[in-house]
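Just so it is clear, A, B and C label the chains in written order, and each chain counts residues from 1 on its own.
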């Protein structure tokens, strides 16, 4: 039953058929949301899928937004124990809540900031056995806070993201990011945001309904899967243990 | 009544059985969170209990009305009355002066007599109330077999001085200090309430008023301010405290304003109401009592992915009898007498709107 | 007509003149420049291999895709890449553009394992993308390594100009490109540009530097502001499958040749098709009329989506034939007084509906009279 209800999202992402080998390998997935409609549940869903017991995926979670306990509680309700996955070396949590890159260009050194973070990710992946490289997901929550940590230097963040992307071609792992669309919508030329859309192989937009929020429909998702040349759109309702997805009018 | 339905999670904890081994002014919420009161019982109910510890509340000010001050006053006074620590920061030269304007608690919340006999002299009861908070308030709370959580505040009665002159209060002027000083003060303050599993004996409150006010030296350094808020949020997250930051959104660029909003766990805004607006007066019942509107944009979602969808997000701010702050769902005229329920008076059904009608 | 682009690149430069330069630009609404770029690369490379082109080698400067992306691309077209390292070289500005890996390797046990070794015969890694002069030297060096010195020419493909522009000022990127164009061993040069990442001026600079500009535009313009509704969604869906392809040739005789085509994006690659005829009419020269005789693209789609009452869906359900009564029954459930009535012609929402406005209140709502009453069968 629960399996059924989240099928639309899984279908749109290509996760409905097989989960091993990881269908998102080598892909960049960008999730975009707004103040009214948070898209973090998509992150949780992907995290849950990638840590599902019948796959051998490894997830590297780079948290700028919430502490471990927050994700732990949420994932537990989704039926996934992050602590034990962490002990099994299938889940690596990088707490970046307090990361603050040194100011100015001289701050961009290999010892600190995002270069070091990249080095840490790279080291984590290369320490894994070779067969699990292509099953690694790197999840970043979220990019706008990363910009703040980089003192607003979006170029620095883009450089970092580029290096993360080289990991997708080097190890065939996947990169999943969350960002907030409405931050950039007032800008004339939101380079950072558009650049991310170009980088993404799969773009997931979470938006409120035109009619506002309701208790039985929390918003709508538009998933553009460039690789499979497919666009889908559906409504969703977030619950503690599952995300329900349905076509408009069929809740 | 409507607010009771806002948290419909399959996993929400049975509140009555949860072990409330917390200090005064704290109560268990869903998903392992602990609430403290906003100082406005109606707002607590709207938000499903109050502000969860570890959350950052942001209030978007109205450039034309000081309603955010009402929220701040009640929030701060509630903390002081319960013996919680407070860090207050404002762009004024001497922020401590603001403490003199804090309201005093009216009657105990569970004492329903206010509803029954509102004109009764309150002096005695308040004196009794004070006794409770002299020093060994925790003991008293235990002895009564119930926990003091929130109070109603009488906006016309200033808070007793002994609450204000305690060592628990730290005040910072943000007019001249730079952000790193403020960050250090917050860090020092929050270090008193580290988060560790087990019972919470004491909680802290941080109130920062008009954070991006133009008289502050840093007010044009948008990234630095954002960075401060981010670090404040992460410090608060790992402590048993709640921080409220109010800010005038019109002074920020639109894109940064959105960034600030994303930063908030709970996001509120206040709006002025136009004076003598005939159309509005016809449209809304109780227009005469309203001083403004409160909008709830986001309710903190800590340890959960389920959004809190409120039945209404806009509330009118009323000063009942010019003393008590109440929030009401907006009602469009014509209305029958039974609607217009205040969140605070769910038992004694809509005393405010009734009295309002009688006053005409 | 895409043919003519690739012919221009194949024929290359005339002695003493600038090499032909092509800008392929797109925007997020129609982000297919990379597909066109890949298409051009594989076309040009196969003619290089066949010896049909002026250039004898191809240097790909890859910023946004890994070298293996291009090698796989050519492999899929049936060329033996491993043995063709005398025809193609890739300057890898993708793997380590800023030298972070190098720096980390110096400071810590950072093992830069990668498939670099695998493709090493075709690619070299470039680590200083901020220095346009060094980039220029590396490109020329690579090209000379392919074709040797003398008068033999080679072609350059740059993906993408955006990354260069992010790392270096416009003026030095422009200098690099114009120096390459005027180098006497360059046969042709083309690059990729996401125009919405830059200010209009930057796009103009790159268009100024090129002799051919190919731009991709969405076939349906989205109205801004009205996001999230289903109408928009159907347009997004259409835009994800095809786009308009405009090419402007700056001819040597001073004329500009303008061509428009439609590109269809398929999983196997892209196809070019001629545009439906009315698109080719110069809109500005057609006199404006008070009323619209033609349907816009969106209106045409909407019209096609309407299932008429007499059409059956052919999906196994009993064929529903409009009996003239049903709509009256339906409209009783709705507000019968409203001057505007919706006639929902099928129950699948989003597939199209007819909204009609009654001319006046005198006109009766749909009567229950059988419209075919007078038919004599």
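Just so it is clear, contacts are C-beta pairs under 8 Å (C-beta built on N, C-alpha and C of every residue); 3 or more make two chains touch, one makes a residue touch a chain.
Computed from a predicted structure; not experimentally measured.
Taken pairwise by the contact criterion, the protein chains link up end to end in a single open path, with no chain closing the loop. Taking the mean of each chain's C-alpha atoms, the chain closest to the overall C-alpha centroid is A.
Taking each chain's centre as the mean of its CA atoms, B is the chain most distant from chain C.
Centre-to-centre, using mean CA coordinates, chain A is 34 Å away from chain B. Measuring from the averaged C-alpha position of chain B to that of chain C gives a distance of 53 Å. Our note on geometry: chain A versus chain C, Cα centroid distance of 27 Å, whole angstroms. Those residues of chain B in touch with two or more other chains do not exist in this structure. Residue ranges of chain B in contact with chain A, taken from their complex: 8-11, 31-32, 222-223, 226-227, 230-231, 234, 237-238, 253-255, 258-259, 261-262, 267, 297-298, 301-307, 309, 311. For chain A in complex with chain B, the touching residues are 35-38, 40-41, 44, 66-67, 69-70, 73-74, 77, 97-98, 100, 144-145, 148-149, 151-152, 180, 182-187, 213-215, 218, 238-241. Touching chain C in their complex are the following residues of chain A: 110-111, 115, 118-119, 122-123, 126, 155, 158-159, 162-163, 166, 169-170, 189, 191, 194-195, 197-198, 207-210, 220, 222, 224, 226, 228-231, 233, 248-249.
Interface residues of chain C facing chain A in the complex, by the touch rule stated above, are 28, 31, 66, 68-69, 94-98, 100-101, 103-104, 106-111, 113-115, 162, 166, 194, 196-199, 227-230, 233, 236-237, 240-241, 265-267, 349-350.
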